[in-house]
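Handing you this structure, nothing more for now.
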Amino acid sequence: MSDKPSDYCGIFGIYNHPEAAAMTYYGLHALQHRGQESAGIVSSVFDEERGHYVMPMHKDFGLVLNVFEDKKIFTDKLRGLKAIGHNRYSTSGSSSNPANIQPFRVHYRNGNLALAHNGNLTNAPSLRQRFINEGILFQSTSDTELILHLISHSLKTGQFEQIMDALRQIEGAYCLVIQTDDALIAVRDPNGFRPLALGRLGDAFVVASETCAFDIIGAEYVRDIAPGEVLVIDDEAIETAKPASYMLPRKPGTDTAGCVFEYVYFSRPDSRIFGENVDKVRRQIGKHLAREHRIPDIIRSESDKKPIVISVPDSSNTAALGYAGESRKLGYDCKFEIGLIRNHYVGRTFIAPGQESRQFKVRTKFNPVRGVIEDRIVLIVDDSIVRGTTSRMLIDMIRKCNPKEIHFLVSSPPIIEPCFYGMDFPSPDELIANKFDRDVSRIARELGVDSLHYLSPQGLIEAVKEANEGKLNYCSACFTGKYPVPVEAQMGKEANELV
Amino acid sequence: MSDKPSDYCGIFGIYNHPEAAAMTYYGLHALQHRGQESAGIVSSVFDEERGHYVMPMHKDFGLVLNVFEDKKIFTDKLRGLKAIGHNRYSTSGSSSNPANIQPFRVHYRNGNLALAHNGNLTNAPSLRQRFINEGILFQSTSDTELILHLISHSLKTGQFEQIMDALRQIEGAYCLVIQTDDALIAVRDPNGFRPLALGRLGDAFVVASETCAFDIIGAEYVRDIAPGEVLVIDDEAIETAKPASYMLPRKPGTDTAGCVFEYVYFSRPDSRIFGENVDKVRRQIGKHLAREHRIPDIIRSESDKKPIVISVPDSSNTAALGYAGESRKLGYDCKFEIGLIRNHYVGRTFIAPGQESRQFKVRTKFNPVRGVIEDRIVLIVDDSIVRGTTSRMLIDMIRKCNPKEIHFLVSSPPIIEPCFYGMDFPSPDELIANKFDRDVSRIARELGVDSLHYLSPQGLIEAVKEANEGKLNYCSACFTGKYPVPVEAQMGKEANELV
Amino acid sequence: MSDKPSDYCGIFGIYNHPEAAAMTYYGLHALQHRGQESAGIVSSVFDEERGHYVMPMHKDFGLVLNVFEDKKIFTDKLRGLKAIGHNRYSTSGSSSNPANIQPFRVHYRNGNLALAHNGNLTNAPSLRQRFINEGILFQSTSDTELILHLISHSLKTGQFEQIMDALRQIEGAYCLVIQTDDALIAVRDPNGFRPLALGRLGDAFVVASETCAFDIIGAEYVRDIAPGEVLVIDDEAIETAKPASYMLPRKPGTDTAGCVFEYVYFSRPDSRIFGENVDKVRRQIGKHLAREHRIPDIIRSESDKKPIVISVPDSSNTAALGYAGESRKLGYDCKFEIGLIRNHYVGRTFIAPGQESRQFKVRTKFNPVRGVIEDRIVLIVDDSIVRGTTSRMLIDMIRKCNPKEIHFLVSSPPIIEPCFYGMDFPSPDELIANKFDRDVSRIARELGVDSLHYLSPQGLIEAVKEANEGKLNYCSACFTGKYPVPVEAQMGKEANELV
Amino acid sequence: MSDKPSDYCGIFGIYNHPEAAAMTYYGLHALQHRGQESAGIVSSVFDEERGHYVMPMHKDFGLVLNVFEDKKIFTDKLRGLKAIGHNRYSTSGSSSNPANIQPFRVHYRNGNLALAHNGNLTNAPSLRQRFINEGILFQSTSDTELILHLISHSLKTGQFEQIMDALRQIEGAYCLVIQTDDALIAVRDPNGFRPLALGRLGDAFVVASETCAFDIIGAEYVRDIAPGEVLVIDDEAIETAKPASYMLPRKPGTDTAGCVFEYVYFSRPDSRIFGENVDKVRRQIGKHLAREHRIPDIIRSESDKKPIVISVPDSSNTAALGYAGESRKLGYDCKFEIGLIRNHYVGRTFIAPGQESRQFKVRTKFNPVRGVIEDRIVLIVDDSIVRGTTSRMLIDMIRKCNPKEIHFLVSSPPIIEPCFYGMDFPSPDELIANKFDRDVSRIARELGVDSLHYLSPQGLIEAVKEANEGKLNYCSACFTGKYPVPVEAQMGKEANELV
């Protein structure tokens, strides 16, 4: 996907490690692709002087490495054997309000609590209205604050029971890591929309949105947190090497619904999510793409040079390799090539005045390799198209290198519907797949390619299930409009927020 | 007072001015001496696009001029015809928690609300406990947040009735400016501990802790807000030129209790508080000091040069002038001189490693003028002594200029008790007046002066009442231990706060 | 002087102190009034690893306390037993060019050299042209760089001889501290325009523009550096307790020429310069003012209240005290009062958009005390008037407090000519004294006062000489146009400078 | 190369473009890989008020996008139709001295001059000594300043003649862009060590170290600047569309000597340098590597799965593709795979305390894809090995994914000698190729691989010449010790520099 959608958060937790906060920092760094707007860590340390636990916190807008630039934070402030962390890109809540930066930390009558949350609550509007009617004051526009109020207002006795009470009231797509004075609690929603995995690092347990966060600290993957599972990691779990597990009921009439877009684009290729390596799934997707769209059916002219398959780096690399390999296996000669170089120094506020055009933005990110492209039939594989503006610019650049033909292969179906479970797509009428009467050949013309080919929804789900051996059902609502879990009417309406 | 106590906040509000936020900025600047830790402004502007009012806010740690260094804040963000502002030095609440910076702003079911508060609620512990028991989450450790929760949880109908409901539940020493979408509400506690004045600037009304904030913007002083008064400044008030006024009942058995320390040290000499110019009151205090401690009774040796009266600049200047003038009137020859130069560039983090001694801190702030002091009998007038450490260093410096004698005259009585109404004195055992068995001659020896003379409590109150024509009764609990309003037992206990 | 002229630099040096850089920091802080644009320190430390001395440096735009905000600079970087420092406000050279920030530090064929300079070289244009013709590249537009090139290009053998060679070629008003690997060299120009004093702190020698820099670190004043003296402080000087002294010849036909404006306004009242306390000289000036302008000749109406004498704080305080005391001695009853409060938190970028008027600037700096001024005949004493704009605003503010009369007394003559020796006055046609045909009564009207009275040039010089016992002759060219040392024609022409 | 050597600078210049500085900014961004320590731009604009040209400058430590974060710099400051820019990583000169940041800008008797320089002058020691003896003061330790002094001291008449005079005196490996009031002058050293290309953007001419800087702004590549060419781009060049060209003589006995390491590692694959696409040359190098090291000779065990070829991204991608393709052509079955994911958010100060190990640094940069590597025979292709530490860590990580075998193929010969022409290799005894008696099998053991295979020096040069059709001779001194241009003895000795 060259038209990158907004990310939607990465979470991390660790229990029983002497450098808990530093490990969280590395974990968040590995999860940086899941949210670049803000980052935060809350650790938990026993304060000898006060005789109770405290939860030091550091969070701010910016990339992980900027927010934690001053390394003294780890030795002077974020001490303790447990910590949780969060990377954020807002999907609900105003992104410019610092009060929305996670994790959230509170002290209430039953003690300390810190919480990091990823996803969207589909019943947030009614929960929020209920609290507003009671005169509760909100400090943020984040769904996460709702969970804290639910816990704090619970009439149950005991912190864990209050947490369970709150969890039973929320609906939607979410993963949570909750830190109390005694435990690290990891929660995955009953439909399992978002990935969450359990790992082990020496005597410590870790949880993270993706396993790439385990690799960076040398932790081992243990297993996924199951849909609906509430996993309690405390001293007993350390002793027995087995965290206690509780289950939240699934909403009747709904099934598991792993977000297929995590495999298509969002997760890192070196992660294992929903029980399978992302790279392997993407390769399988590429193979299906090759079977659905065969090279001889695509290319138009004769050439003495083999057609080349190039990817939009880095997210489409594996699908492109899968496409090229499978095509060769099917007997169609072609070569995988690196036809686009990606420049990695780009930041947010890069563009100078007068150059606000997308053309410039694309050029600062990608550069085509003329020697590879010139005079060739080019099959470019991308994981998805959202607005299509970046794709068009990219095609323009490739076209200037004088290829014979350009064909655009997309390793996912057309995105036509909004996501209410955490993906931040633009409104449906901004999606290119909804324009030009959804006529693919007209969209191809608009993009400037000789032909455009999407993977079919069935092909996508088949590919994923083949690679993943049917461990889960998937949500592909953004491609099909079939929403596996109902959504409250006001969802998506802007909160009445102060500026 | 060379041992400066912590300040305790300045508040400001303005209604119906095209540059409301900029005026607030200047007002806060004039009130900078009342709090140097943080500063903030919330304005109120109608958002045409959204069809309702919004309350833009800017606040941060630092001096007013640092927090509002970027002047674009006024044109780009803090727009609108009304605004409130706050300077803070914490007396309750952790000073390092940014959530404690005022003003506070919320949106609740009855609309927008912003609030700036100065003082201490004496029933805060029980109010807080009540909310904690209900599961309410606090974002700050500030008393001010309590008032917001009281308003938001009120069962009354209508915003103003909810505010009155909340005000009836709080006790202690406070002034408030509250901004709603329709009004600016100014409140002074029923005992009138802290000053709050009403002013006029063209078509606008202004309220401020001290009138020096009116002078800087060219506003005219109208009158003091009365003890217990709730003044509502809205469009009707602008039309009729008369804000509506409501009264809060005074706690039975209590009387008005203006903080006499405002006159002694805290307020600016160019302000008018409690109905009288501070400068005039201080001069009267200086005169009483001259009558209680007559020069011939103080000096020990003969000299052909007149004794000189010097002040610790700038807060003691007027009292010293009053002392010298009255002494001459009583027939004791003496000269007022400027014997100490104050350096005004000092900031908080001034001292270099290895020079942490108080001696250095004093030297960077004051320098004696040798030519004035040498060979003279020196009568130094200071407004108060708290810990005494700075005074001792100052005396050391003066001593090095070889005066014949040094006598220390304090224009207030010994501070021996804590203040529960907003003054941030150190704990009683750190007060020098409580050391050495409260023996003044031993304290004089400790300070290194030839004699030490405090104004008597009666003398102080008489002086204030003479100058102020008996308009108010005063609280002098820090000198006498007689607290005019009862204080809850837990007051002063540290909140269980996160770090 | 309420219309503050630009300052022109303070210099400091210390030899043989274990915390040389920290002492320099405090010294510069005490000299902050001499230059607020930039600050810098160069220390000198033996680098064991490299086997030779190095000169660590830290300098930047800003006040001393801002530039050295990070106190680790002193322990980690500016180590060593000697250091020199500089505060700067540019009079020549572009102030916005960081290359102009002093001290300057170089390594040339004869070793390390660092230099801090205050004043103006009157033969800079020809020196600069000579180097330009030779193809020498300049990094700054500062006169100081010229001195470095002169030293480096000298054909003499030995660093000290090269320095002397350079000094013999420069003319004008200057003080220098030069740091080499072995010595600290302090130089004062042969006419002695600017002050420079020698002090002692334990085993260390210190030099500084004003003695207030000695007081802050507890150093003792030893003596002034003589006009034309080159003082060499090295290990031998430490052992013998006597620095070696060399003399530069004075330009034939010229005499000593201490800048009288240092006494009038520029130096701190607690400093001793040109051999006498500034405070004492200012008091003498005030007395002369009282003799030249007697109260009965000034006031117009009858009043049952004594006329009051107020100062523009803080620079005019002593002159006002002198005026009031002498007037009383002459039999004219009057009272010294504090009628203006000065606000000390003002920074450079204070004014908000829309309030750019001078009126606002003045209000943020001064506030009159109504109770003191109302209904009184006010004699306001200020040290000088430059453009007059601030004075006019100040008078406006005082007028609003309803005094009976306002009379303006200036403790120096009208400033009518430019200074080529370091004072940064505006161009002559901007000086108020040159407007209105130099008619004092018309200027009074412009300022809004009932009368205006300047001290005569003779009166000023007499007062200074009386206080200072004729130790020096003085330059009063800004009042008289008589320049004691010739100035090159191109002086004042802007350098062809890059932006 | 996973052990990245220090970069050595990128330069850029543009003449006759309305947004010259913004174009330079983008160009520098594309050249960011050539130097990450500092960045700077000097533009040239006619100052109507002053009646002459001025050269506004902005430069600082940091990446291009950080240094130019405030985009107002382009509209408010760096105006004008021409500009030059520089990215720097120091090879000579202290990197921490801000005075070393380029471009350099001076005003001397013949006008303004700005200069950006990349490379090393091999006769810098004697040139510097000559100036030192004359008493010239240096502000930086950079070779570039020498060129400025040579120009400024030239006895020739006219700026261009002075520049030519200076160029005739310098020796070594360098490219220069020089900006005068009238022209942009691009210079490449007579041996042509470093690349420099001419491009065209509408009516403007551009020059840049690599053509990727042309692509980002949409400029067209015209031709390389020839070895020894001095190209003058002025208004006449714009009119005639042909810049004037002058030639510098080559040192007798020397030949052209393009740095072969530019092709191996340093330049971007999408650039065209020395007349050929880098990508194409690297592919040819990969093919030669395949011919020299045939898969059957490398692998040890039988496997039913094809061996996989993976690269160390991104610099080795093309060589790995070339290796895999050629191997298949030679009849050895294998697959190109993406086995390592590179994380692109890593900054300089990334590592937290306690994790200083290289292991952590490598993990934060690379993550192996377990699904790709597990159970496979892995042939990893990297462009070069310097110290070998990073390679060893990388191998460790790959080893943990349980491959059957790991073989390390290096697409260049062992680096055994220092570079005096601008490449910043560590000292020879730190190079892994010089350890273990240069025994490749022992080095393989040290790295933890089953075998290690370097491309031969002949193979490298052949590959380059085949791809590049013999347009140039190459320097491969770092592999062979044969230095094509003599180097002065003191080269590499540290300058006597101030800290």
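Chains: A, B, C and D, in written order; residue numbering restarts at 1 for each.
Following the convention adopted for this analysis, a contact is a pair of C-beta atoms (placed from the backbone, for glycine too) under 8 Å apart; a residue touches a chain by one contact, two chains touch by 3 or more.
As the structure is a computational prediction, the values presented were derived from the model and not from experiment.
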Fewest touching-chain hops separating chain B from chain D: 2
Separation of mean Cα positions, chain D and chain A [Å, integer]: 36
Distance from chain D to chain C - Cα centre to Cα centre, in angstrom: 52
Length of the line joining the C-alpha centres of chain A and chain C, rounded to whole Å: 63
Junction residues of chain A - those touching two or more other chains: none
Which pairs of chains touch, using the document's own definition: A-B, A-D, B-C, C-D
Complex interface listing, chain C residues touching chain D: 47, 52, 54-57, 105-109, 112, 132-139, 148-149, 152-154, 496-499
Complex contact set, residues of chain A against chain D: 19, 22, 25-26, 29-30, 32, 63-66, 68-69, 71-72, 74-75, 212, 215-218, 268-270, 272, 277, 279-280, 314, 317-318, 321, 325, 335-338, 341-347, 349-355, 359-360, 363-364, 367-372
